[in-house]
Each structure stands twice: as structure tokens, then as C-alpha cells.
Amino acid sequence: MDKPSHLSVILDLSPTQWALCAQSTNPPGISLQAFLSQLLAFFNAHIACKDENTLAVFGALPGQSVLLYSSTGEVVAKDTEPTDPNTYRPFKTLDATVMNSLAEHIASFDGVSEEAPIGLVGCLTKALCYINRVTSNSSTPSSEGEGSAASVDPRILVLSVSPDQSSTYIPIMNSIFSAQKLRVTIDVCKIYGAENVFLQQAAHLTGGAYVQVEKPDALLQYMMMSFLPPPALRQLISVPTQDRVDFRAACFCHKRIVEIGFVCSVCLSIFCQPVPVCSTCRTKFPIKTLQRLNASRPLAISASTPGTPARPPAQRNGTATPATPRPG
Amino acid sequence: MPSVTIKAPMESQDASTATAAASHSLITFLQSQSQNMLTRLYQKPSACLSLFRLLRPLERQLVMNLLWLDLSIPPSTMAAWVTREGKKPYQDALGTLARLHILPPSAAKLALNPTFKSGLRQAITGGGTSGSFGVLAENDEKHPAPEIEALDAYALERWETILYYMVSSGTGQFPAKPSAGVLFLLERSGLMASVHGGALQITSAGFQFLLHPPHVQLWELLLQYLQMAEERQMDLVEVISFLLMLSTTELGKDYSTEKLSATQKAMLEDLRDYGLIKQRTGSIGIPKATSRRFSPTRLATTLTSSSPPLPTSAGSGDGTHAQGFIVLETNYRLYAYTDNPLQIAVLNLFVTLKSRFPNLVIGAITRESVKKALANGITADQIISYLVTHAHPQMRRNKPLLPVTVQDQIRLWELEKNRMKSQEGYLYTAFASQADYEYVLNYAKQLDVVLWENASRRCFFGSLEGHANIRGFIERRQTAGNA
Amino acid sequence: MAPEGRRIGDTFADDSDSDVSIFDHDDATRAKNKGKGKAIDRRKKDKGKGKAKEQPYAWEASYTRSWDTVQEDEAGSLQGAVQDLIARGRRRRLQAPAAAIRRTIIRHLVLVLDLSSAMMDRDMRPTRFDLMLQYAREFITEWFDQNPLGQIGVVGMRGGLGERIGEMSGNPQDVLKSISERHKLEPNGEPSLQNAIEMARSSMSHLPTHSSREILVIFGSLTTCDPGNIHDTLDECVKDRIRISIVALAAEMKICRELCEKTGGQFGVAMNEGHFKDLLFELIPPPAQRAVTRANGGPAANPAADLMIMGFPMRLPDTSPPSLCVCHSQMKSEGFLCPRCLAKVCDVPTDCDICGLMIVSSPHLARSYHHLFPVKPYQAVMTLEDPSNSSKRCHGCSVAFRNTPSTMTGASGEGFSPLGRYRCPECKNDFCTDCDVFVHDVVHCCPGCGK
């Protein structure tokens, strides 16, 4: 039960979204600075819980994904200040390294490629690779999968501000399935913006918590209650999960998020409208089917428009907050 | 003679859930202390952090949930988060925290002790002026901070000296003696005792002690030290907070002694003997010009973590056997890849050693060897848990880890020893008639004191506590019969 | 069976009696070997897999010499051998086609288990029967993992009859439960291939055309006891486009091979426990579509392909107000809402009872996408042209690369990088060996380019 846990944190650092978030008043937003100071306290709390707890921080920048900090020391801060007798040294190193490498990457970022999509997939897969390495190293190298998960208790926390990118649907789903295989829990904290269908599915399928932050100034309290307890402890103290899980998918042709789609029987590609030839496996579909489906089509795809998933407000995700707990 | 020995089962690997795991021995110790003393202790952020780490997972989480709240919350709000399985551990955790005066004893409001809250907050966010995480000594060209290897070697040498002294005390060998302070501590804690005023001999508690994991051993000695400190009129808060501070220091760094109180400076000498810190001294035993700096060893820095407090056994050198060295087969043969005299000596407690190679010892677990261990007061569970803790990585693939036959057999050998149970009592015999016999026997049975009876020989055996009554009964009857 | 005894006789060949018997026995095995060898050879040609040959037959092996399979290098280290194994895995992947191949993904499978007395043979430990049950369980779990939209039914062959053990179901737990009780499946009597196949065929006759219909027979007997002409059944199966695969545990039978070849299935004879498992697990990945086209003459527009309309539902939480579900008419809080008619169903995938829409959750579909979009194999970096320009750490897990090429003697195969670097052809990032294997076998998504 009381075994060390590994936490990989994925920070969504989209400049546009953070700018929007800082200005937002309804719902109230939070600036990146204020967010980071709360985040560092959370990191320290994670390390404080157990000496052997490990941490890796990944940053998702537009078009790239970088490792900002890891307990195994892949990233080293350039100058470590002389130690301060008032601070626990590992905390100091951690905070300095995260802030340093963050500043470095943000500085090197010129804003030209700002429109590039956020490297969330890169971060997720890198986090999985990292966890794979950490878990396989800690057990005996030749032993098979079962033993390896036992020594550390890995999980991933995604702190997201960006909306869904439907182009990343397949890679994200693939990452979710590999997380399931490695028995990694994915927690999602949505700090700003509308609910994120793919990340909801990630949290649901891996048994993690999904929290939509409503009061960002209390972010630290949210994180302490929802993301600090390791999976084993969550059997005793429940964490908020989402009420409704949206199982919609993105179509392959226009990357729209659809709730009724047309599926190729051979390769299971999803299309938002009837197509004569499957774009993935080049299968030709019978004319009769096309005619039949076209007849019923207007009804079928009226539900959603590209990019912004339209949902009646009554069906919005009500996520539990620490202030209103629900017994699990 | 042993005042308080901590015998709580502390092997956490057997505990499958949080409910089963016992609190850390220091936590148990602190629960018996006064609120005043604890509040003084909580003034140091480092003490708060280290104590926090020693708590059980659920307790840690509860503390964290409450740490950032400014107002107190009604207990029902917190309880709503607890699942059905978590109810009992949750109550336990609240109880422990209340006894530590981290939470208020009354159940009306949940809020952290303000001193503890600010202390832990400061530890996590940094800042403050307490300087409780140890003041580093300035860089000194003449005396550079010792290498980590040197520190490890030092700590290991000190610690193994103590253990080896214990294990070989009865064998007629005379290994290096630990310092007088250590010997005194060992004697006080009941791990060793001097027989007929002669040399110190290991006691059965001592044998059990040897089989504990190093972490538990260390805390056992330190707790003993704390109790002694009380008697020596040392300030307990200072002693504990210094120990806790040591656990937050960094390996391979030099710390300055200037900010330490007099009590803590006095402690340095003792801790040096246990191998927790390294300090340059004039010559061993005579601290004439003690250095004004000290460096904590791995024993100290891992006090509040569960990573191995000792580097690998010094003898083997290459450090590949950090996790374990014992291979046990179903045929009771045991292969131990070690050349460390201490480990061999400990194994010798319950294994018949057959042959020895440069890096390997071969032996067998036999009825005799286990019986010998049992006679020394070691229990079967301790033997098994020692074997589990030190199993070779190759063994870890087996499920179950140890061969079931061997485990069961060790337990059976222990049961064999407990085959006979003695109880004092009286035998009632020579009853005049069968009726007489039955009459008394019935009375005794009503009292529930009959241990054995034999109707054909008209005798029965009653326990000691029933004797007065039965005797009175017989006498009354006799007088009644005579009258 | 006396394989042990024979080997012992081999070693201590001073007993003349046993000498004679050894000779006879050896002769018999050689004759048997011939039959099996043919089967293996043919299989090899079909599949291009070379590992079947060096494995011993279960009844030949006297004891397992696991230490013979790996070889130490001069320094006595096994690292070279291990790396060689990894490199071999890489080579196999490099040979696999990188393009997306069409695969049947909505599968229906009837698992036919031989429960005849031949299964009590002990040539596979502990018995053929127990081993079959154990592997069948693993097979079912893995099969559902890779074919989440598929369904499995179970039929047993016992006492000359076909016996329905488990109904066609998409829930792995149902299927596993049906074979969980060993005492209900106790082997007995003769098997009947025809009865069992007929039973399996009848349970699949109503299925839509776009799904695959497969029968997998695990066959331990050397006889089949049929009421009629099994070739008629075979023709019917070909007509219904049912694909029959057989894993035989004893030896090849003509009828078995014919069943498989005519229907486009696979046939294999298990030589030992490990090979048995390999044969079974080869049938787990969705079969490429070409086998079906070959079976029905290979027209360009595959009539089996169709465009289906599917709904992706919303999952209701456990705390929502309870309401009646349309499938069982029970009051329940949790469930899924059909996106078209908003009816509540208990479980997915299913067909909506109200509007007939096929309801699947998108993760079900997504589970099979990695078959469609495989990650391109990474190329082994042989030399570093420009050491200053290349990254020092693995792009996946950030482990540091070694600077000097390894001098391992055992690992000198193609597809093995002496530097331990493997480069993605798309994004030109370097990965370590572990990440290479992990990315291709588990994640199916390159961390560098996100594809």
C-alpha cells in the first residue's frame, strides 16, 4: 500500500489559451504566474508525501513537447543557488529546475508558430515512454510485465487549458490504451475552457479523476484533494470523477466530433457523411447503401458543427468539486 | 529489566492495506507525549515535514486536505469523501492525528493545529527564518566535504560493529567493541544483558532485534535513546527535532554546528557512535578538538524514508546485491551470496552452514538449526520475514517467494516447541466415594476450573485460582458430613 | 507415453531389453515425424516463419534445457543474447508491410473445444485438456482485447455429439464463465467434427454479411465420428464463407487440412506447449481481408464491405435518477443514451432496441485503429555522421545514449544499432531500444511526430 508513486505531470502551455485564461472573468480565470506558484506547492506536496516519490514534468508547447523536470535528473538547472537553511533542499532544486527550464523554453519560443497545435500527444507518449522506463528499470530487468507495476505506482496528470484537437483523436486513444496496459491512471484537470471529450475518455478509461476547475484561486485545494492521493488510497478516499462521459469520436474525413457516424465495416473508419469509397482502406461501398443512408442523413449529422461540440446545456458535464463532495 | 521494548510488528511488506499497517514507532512514542511538548516540536518546519512523512498514507492525505484551508470544516464534509471500506481506517487516522495533537480532540470541527499547519506550510512553500533544515558549513579548502562513499563506508562500519558485537557475544569471539555509550544503550534496551556481572550477552530480545530490517533496528535504538535522554535531563524536544532535522539533510554535505543548542551538540557524540553522522575528531574516543562541522550519513538522511538506510554490504564491494542475497530451495538448502561476516553470523542463527566460498555460503535449514533459533527466542515469523526481505532478485520471480514447504515446516517446528503448555494447579485425589468425587467435580465444573479428570481413578486436576474455592467446598462438606 | 524412459535408456544403454525397445520406438517416431514435418514445412512456406523447425516435439523432449537457448559471450554476460533477441523482433517487424492492410474487424468466432477422451493424454503438461482450457482463457481475453466488437461462442465435442457450451456473446466475462467450470467439461468419448461444425454454422447463419464468421477448432483426437458426409458440411461452410482454422494437438489429418484450406483458414499441428500457444495466438489479430476475397473469387468491390451507421452514446453516471432501460426493463441509474432516440440501454456495443441504431462507444472502435495506422518502423542508426548535431538523449524517455558503439559480439544483425539509436523516418528523432520496442508494440504512436 505505502509504496512510492511516480507522477508525470503534463502542462498545457498554449500561449493563446493562457492569455485568454488570464483575461477571463466569467468563469474567472487565472494567470500563468499564479497557476505556477500553486503548481509548485503541489509538486512539493507530492515529494513531501514520501521520500521515494518521483516526479516528471512535461510541457506541451505549440508544436513541441519538452521534458521540464524529472527526478532522475535528465534536466539540470544551470546554476543552483547556495542552499537556504529554511527550505528543504529537494524542493528548492525542483522548483528552480522547473522554473528555469520553463523560462528557457518560453523564451526560445518566438511566437511565429503559435498556431501550431499543442504537443499534447507528444507529451502523453513521452510520459508513457518515461514511465515504461522507470517501471521496467525498478524491477528485475528480465521479469515479465506483472511484477514491474508493483514496485512503483505510476500515474499521469494532465493540466489542460486547450480545447480538443480532433486531429489527435487516434494518437490520444492509442495512448489511453497503452496507459491501460501499463496500468497508469490518467488524471485530468481542466483549468480553463470547455470540457474536453478526449481527455474525459482518458480519465474514464484509466480510472482517473476528471476535474473541471470552477474557482481557479482554489486550484491548489482542488489538486490536493483530487490528484495527490495515489490510486491505492483512492479506494479509501474517493476523488471526483465525471458524471457523464461523452463517448463521441472524431470523424476521419473532416475531424469533426460526431455522435452518429458512418463506419466502414472493413476498417472501422468513421465518417460524418456517407462516402462512396473508404479513404483509409479504399473499399468501395455498395450504391444501395449510400442511397439509403443519404436519405436519412440530414437528421443524423445536424447535431454537431466542426470544432465546437454543441451540446444542450442540460447535458453539460457537472463535475464534482471539493466543496460539494459525493460519496463514491 | 527491559522498561519498554517496542515489539509492534513493523514489517510493512506483509500489510496489504493501510488498516493493517501499524503506525511508525516514533509516532507511537510521540502520542504519549504532552501537548505542550508536541506544540514546541511543531514549531520547526523540518520536524513537521519529517513527522508528516512518518504518518500512514491516509493520515498524510487528510493532513494535506486540511493544510490549505483557512477555516475549520465540519467533520461530515470530510467524511463524505470516505468510501465504505475506508470508514474504519478513516476513524483510526483521525484518532492518531488527534493523539498527536495535529487535529483537535473533539470531533466538532476539523482544523489542523495552527502551529503544525504553519510549520508544514512553511516546509512545503519554503521561506521563513527558522533555519530548521540545517545550516551548511562554508566551503573549506582544507577540509572538503567527505565523499559519499566514505560516508557510506563509515556508517556501515559503525553500524555493523554494533550488530556484529551483539551476534558474536556468546560465541567466544571478541570482535571490535563499540563505544561505551553504545554498550550502555544496548544494555538499557534489554538487547544485551550481563550474566553474573560478566561480559555482556545477547538476550532473546537481542536475537529478535538482529532479524529486523535495518530501519526498524535503527529506530528501536533511537527510541531507546530518547527514553534515556529523558532521564539524562536532556530536552526531549531538542533531541527529537535534531533527529528529524537530520533526516531532511542532504548526503555528502557538511553542516555547521554553530546554530545547534548545547543539547544537540552533546548529541553529536552519541550519534557519531551509532554512525548517523560523521565528524572529524582528534583521535577516536577522545574528542579533544571536535570539528565545528558534521556530515550526516545515509543512516541519518533516510530516517523518514523507506529507501535502504545502509549501502550494500561492504565486503562484496561491487554493490550488485543491494536487494538481497539469499536463494532458498525447496529442499531446504540455502545459498547466500555474501561474504559479509555480519550477514553470515546472522544466518548462522537459524541455518546450518555447510560450506563457504569467496562470495557464497551454502547451508541448510534443518530442524536443529531452527530449534536453536527458537530456543534463542526468535520466532518462525521473524525467520521467514528475514528470508523474504533478503531474498535474491532471482527468487522474487517465484510466487510465492519462499517455497511453501520450507515456510510451513519452519512454522511446524515452532508449533512442535509449543506442543506442551504448562499450567499450575492442584490434583484432587483419594475421594472416599464415587458420589463424593462427582459432587466435588460438579462444583469445580461450575467454577470452570477443571483442567483434566479421570472418573475411573477418582481424581481431577483443577487450576490454581480455583483451589481456594474447592478446598473450602470440600472442607465445608467434610464438616457437614462429620457433624 | 514413455519419452523420459526412452531418454534414460539412451544414456545408460547397457540394458539390452531397453535397447530393442528404443530402436522400435525411434523408428516409430521417425515415421510419425515425417507426417508432421510435412505439415510444418507447408505451414512455413505459407507464413514465412522460421521458428517452428528448431523447436522439439513435446513427446520427444526429455527435459527442458532452458540454458541452451541463450549463449554467453566471452565475458560470460548474457547481454549480447538478450540484445540479439530484441534485434530479431525488430527484423520481424521490418519485414511486416507498413501500409495499411484491410482487415476484418467485426468478427464472430465459434471456438470448438475437443472434449474427447484423447484430451486426457499427458504429452502436454499437465494434460492436453487442462492446457487447452488454460490457453483458451488467455486466448479469449487477448482476443477481446484486440477485437472489441467481436463475439465468441463456445461448442464442445464430446461423446460423438456437438455440445453448446457458451452462446455467442460480446462480453468476455460471459465467455470465460462458460468454460470456467472444469468438472462440467470432463472429457469423454469420441469427438464429431461434423456435428460440432454444423452446430457452429447454425449459430452464425443469421449474421450480417460484413462481419467475419470463423470457427476455431482445437482438436486432440485422431478420429472423428460423424453421422453423415463431412464433405457436404465443408461445402456448406465454403458457401457461407465460414473460415475454419484448426489447431491439432496430435498429428495432421487429411480432413482437417482440407477444411482449413478450402475455407481459407489456418491449420497447424502443435509440437509442444509453447508452439500450441503460438498457433492459437496467431489467430488473434484480425485476419487480412484478402483471404475472403480469394475464397469468393476476388472481385474488386468486396460485397462484404458496407457502410454502417453507428451511434456514439453518452454514459450516464451512477448518481443520475434511475429510469427504465429498454433492454431489460429494469430501473437503473447507470446506462448509455442512444444518440438518435435517447433511449437508455444497459451496455454497449449493442443495437438500440427502439430505433435499431448500432450503438458502440468510440473506444471500442479506436482499439483497433492501430492495425490501420501502424507506426513506421524506425531505422537503426549505424554510425553517427555528425555527433555534435544529434541529440544526446532518447526523444521518448530521455535516457542518455551511449557515445561509443557497443562491441557486443552476439548482436551483429541487421536492424540492430550498435549505438542503441533508432531513428523515426518521419520526424528524424532518435529513440532508445526500449522505446523503439515500446512505441511499436504498445503505444502505436510516435512521440516525435504524433502519428
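Points worth noting:
Order of writing sets the labels: A, B and C. Residues in every chain begin at 1.
Please note the rule applied: contacts are C-beta pairs under 8 Å (C-beta built on N, C-alpha and C of every residue); 3 or more make two chains touch, one makes a residue touch a chain.
Fair warning: this is a prediction, and the values are worked out from it, not measured in the lab.
Looking at which two chains touch through the most C-beta pairs, you get A-C. Distance from the centre of subunit A peaks at B, each centre being the average of the chain's Cα atoms.
Put simply, the C-alpha centre of subunit B and that of subunit C have 52 angstrom between them. Centre-to-centre separation between subunit A and subunit C, using Cα means, comes to 33 Å.
The centroid of the Cα atoms in subunit A and the matching centroid in subunit B are 43 Å apart. For subunit A, the set of residues touching two or more other chains reads 326.
Under the contact definition stated at the top, not a single residue of subunit C touches 2 or more other chains. Residue ranges on subunit C touching subunit A, taken from their complex, read 82, 100, 102-106, 149, 210-211, 289, 300-317, 319-320, 336, 339-340, 348, 357, 361-363, 365-373, 393-400, 434-435, 438-439, 442-448, 450-451. Here subunit A touches subunit C in the complex through residues 65, 67, 70, 74, 119, 121-122, 125-126, 128-130, 132-133, 136, 142, 168-171, 173-178, 181-182, 201, 204-205, 242-249, 258-271, 274-275, 278, 280-286, 289-290, 293, 296, 299-300, 303, 315, 326, going by the rule given at the top. The residues of subunit B lying in touch with subunit A in their complex are 12, 15-18, 21, 45-46, 49, 52-53, 56-58, 60-61, 64-65, 67-69, 77, 80-83, 85-86, 89-90, 122-136, 248, 250, 253, 259, 302, 304-307, 393-394, 396-397.
For subunit A in complex with subunit B, the residues that touch the partner chain are 1-2, 4, 41, 44-45, 48-52, 82-89, 91-92, 95, 140, 143, 147, 220-221, 224-225, 228-230, 232-233, 235-238, 325-328.
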